[in-house]
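The next part holds the structures, each set out as structure tokens.
In what follows, chain A forms one complex with chain B and a second complex with chain C.
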Partner chain A sequence: MGGAGEMNATGNIPELIVNGKRLDGRAFDEMRPIKIVAGGLKNAAGSAYIEWGNNKILAAVYGPKEALPKHTQDPEKAVIKCRYSMAPFSSLEEHGRSGPNRRAIEISKVTREVFENVIIREDFPGSEIDIYVEVLQSDGGTRAAGITTAAVALATSGIPMTDLPYAVSVGKTGEHLILDLNKAEDNYSDADMPVAIGPRNDSILLLQMDGTLTKEEVMRGMSMIKKAGQTITKLQKEALRAPYESIMDRYK
Partner chain B sequence: MSRIVVPGELLADKPIRMEAGFIEGNNTYSTLLGIYHEEKGVLVPLEGLWYPQRGDIVIGIVEEARLNAYNIELNSPYKGIIIAKFVETRLQRGDVIEAEVKEIDETKTVVLMRPKKLFGGKIFDVKPSKIPRIIGKQNTMVDQIRNGTKSVIMVGMNGRVWLKGGNVALATEAVLKIVEEAHTTGLTERIKALLGPQSQPQQGV
Partner chain C sequence: MQPINQVKGEYVRELVNKGIREGGRDLLEYRAIDVKHGMLPNAEGSAMVTIGNTKVLCGIKLDVGEPMRDKPNQGNLMTLAELLPLASADYEPGPPSPDSIELSRVVDRGIRAAGVIDLDALFIEEGKVWSVFIDIYVLNYDGNLFDAASLAAMTALSNCKLPKYENGEVIRGANLPKLPITNTVTSCTFAKMGNKVLLDPNGSEEAIMDGRLTIANDTENIVRSMQKGLHGAFSEQELDHLLDKTFEKSKELRDIISKSRSD
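On to the complex of A and B.
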């Protein structure tokens, strides 16, 4: 596997690093701007919306409610059902014309597993919690943004959790490690590693990898992710506090 | 000092047993979005679900009338049930009842007792975490609404409010205002202003 520069010799692959900056002018360890809004959907138990660069994602949580069909119930704890889906208009490529595809099923599964590890499920035996992640506009890194949004939506629903997870990806192009890949970088970089982390004890809740990274690069990537995570966690907390603080400020 | 905390946030570096908190190692963490009062060591949930407890008054809807029991819908993941022989008049599907939690059995089914049928009126769901504020300390808030609107109001711990008679529109407005501003101080005064002077208990009655 060659570096981006080498592949560029074929004339098909764009140069991802120009003058020491990335295509959108970011530094190697710089995230795209993030805006999170908690709440917004009246019918859902909890909801949140994120604008992460050009990604626009809506997450909604329903339940806990009786798990149906009944054979899916677990008499000891709640089951979590997760649906990640991309709107047909969300991407430059085609999406969502014929139900969930292989990719959507995979992302639904990994998202579900992130939250199975943080939700206190033993409180609600026999019930289900539905998490919906709807991608309205996509620009790479939607599974990470979706997990970050769903965590905020779950917090607004009042479902007890041991942690407020966040996710972000790290990748490699040439010899550079880059944080928070956008679509072009995702498609043409040498490696892409989305990671979800529970910030309370830095537990790893999701770790996937496309391409190859050395052990040393993975460790360096993880420290970039944890550093970025402090910013994401701060934004998540601010989003959760904002609706309450605005009412408190009204009566100061 | 009080502050808004999120799930997984550190509350104290010593183990303190509290509602909506959990202990890991030597630390106490929050499981919910709530307001933590540091001196009192109390976490008041801003968003939370209803955990049935013996003695809770709830408002339910009869979901199914069986021969020897009724299934009651309680706006929660827990199923409600009333044994038919403790019910004086036969209930029907769709009836609204107020009842008391007798026990929670091993399958987490909520067994209810002393059902009281509610006729007519208006019923709506609110967040269960706001219910203590709607009731108020020693029922002050709910009494204020009762006096101010002359409505009959029933508040279920499962997050249901039932209203009938009097100025229902004003009572609804008051309840929704309490729900929205439950975490602020001086709310009793603002509800008093909303309801007008007759909301105060009369002297010598």
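On to the complex of A and C.
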């Protein structure tokens, strides 16, 4: 990767497809390698860590606990609070300013809304469930990777959910739809569409898009995302199973 | 979103389940839309959009600024939305809420992605470009701020003046050329309630909706931005259907904008 996608001095847009392959050698519908580890942070009710390409992201869940300040309480169900944040050292470019910027506030909101759909909030009236997503290293697609990680963290916490969501983005460069955009592709592509899906009935839980897509491309992108989702779901479940399998090995 | 009492909520839900709505409109019908522009001559562009009881004002100012470091030959675009305390009993003064940030970013993405403003035409000289500030002022809340705000911004942009920059001074006022506009973008916002989907939710419908989907498209029916909101989910079939509905309904919105241009 490195400088491959960086704009040169004349401001020219780099070619994202060379000889039918993407800059990092991937096919159009190929995801970056994903490694998920469930657990890891002892203080949290649940946690998970992901390496998704060059992205490195930690997610942790605290609660359910009494919602504070009190006026945030909902007497009928738990309130979900979510903070997506990028570490100031997380990008290849300059030192980022700490504290949530407008982008992070929006991502925190749409991430929260994904989990408001799947967490059985009625089980915990008056309480809050906190979801923290900390991006330690970023290379494009961090909101999707963050949602995928937070889903695993929530599952390890034992908070009841109706589904285990995953997220991934589809974009477009030239006439090609490409799956799972990295930073260079994200910066210079013609469209970006991050989507989160609840795989149980393929419900769309997050949908954002900007750029240039026809209706046909939107729908074809959705199919690519669902196909990739089979792999992501499998990796999420394997990560959840792994700690118990090593325990079972001990008694073989 | 406004908390409304349970009785009102149940009433609205009952209506929607029967396929009707307050005021008697269809599920996929806009309320009456009124658009005015140019009411604030001190601003380079201005527009007021009324959709039902929702009232959104947009003001546009152009200032000379520095270009972004990675785009030295392009002007800047900034969109901010204010949910003013005078617009609703539920809005309070203070730093921007996630709702107002989402509103401004969704409007901004549509305008940016559709290339509405030719940012290359805003280059003045090395190190100097025009910065376009779009400020969305919500004056009265009754649902569907997304469509009202993007319609106000698009109308204000379509009738926006481009000041002159001469000998280090900005010349504003009358007899100026128009800001060059190269595309038109509008958005259609749908609310999901149970298994029903409705266009242009009003305040009491938004208070009980499960999900929200905003689709922005341009004159060629290219999708330029989308944003799903709230916990409710949409199915792929619904997305398919709502894209078609957006293409259909956006004609009405574009007609309103083009009429404002000829006034």
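By definition in this document, the second predicted complex is superposed on the first by the 236 of 252 C-alpha atoms of A that agree within 3 Å, B and C clash if a C-alpha of one lies under 4 Å from a C-alpha of the other, contacts with A are read in each partner's own complex, and residues count from 1 in each chain.
Heads up, the rule we're going with is that contacts are C-beta pairs under 8 Å (C-beta built on N, C-alpha and C of every residue); 3 or more make two chains touch, one makes a residue touch a chain.
Everything numeric in this text was worked out from a predicted model, so none of it was measured.
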item: Partner chain in contact with A:70 - chain B first, chain C second, else both or neither; value: neither
item: First, second, both or neither for A:222, with chain B first and chain C second; value: second
item: Which of chain B and chain C A:42 touches, first, second, both or neither; value: neither
item: First (chain B), second (chain C), both or neither touched by A:207; value: second
item: Which superposed partner A:113 touches (first chain B, second chain C, both, neither); value: second
item: Which superposed partner A:198 touches (first chain B, second chain C, both, neither); value: both
item: First (chain B), second (chain C), both or neither touched by A:237; value: first
item: Chain A positions touched by chain B in one structure and by chain C in the second; value: 198
item: Interface residues, chain B side, partner chain A - complex; value: 4, 6-10, 20, 22, 24, 29, 31-33, 45-49, 51, 77, 79, 107-108, 127-129, 180-181, 183-186, 190
item: Residue ranges of chain A in contact with chain B within the complex; value: 46, 63-66, 75, 78, 118, 120, 123-127, 154-164, 198-200, 236-237, 240-241, 244-245, 247-248, 250-251
item: Chain C to chain A touching residues, read off their complex; value: 70-73, 96, 98, 101-102, 104-105, 109-110, 112-113, 213, 221-236, 239-240, 243-244, 247
item: Chain A to chain C touching residues, read off their complex; value: 7, 11, 102-103, 105-106, 108-110, 113, 116-117, 191, 193, 198, 201-215, 218-219, 222
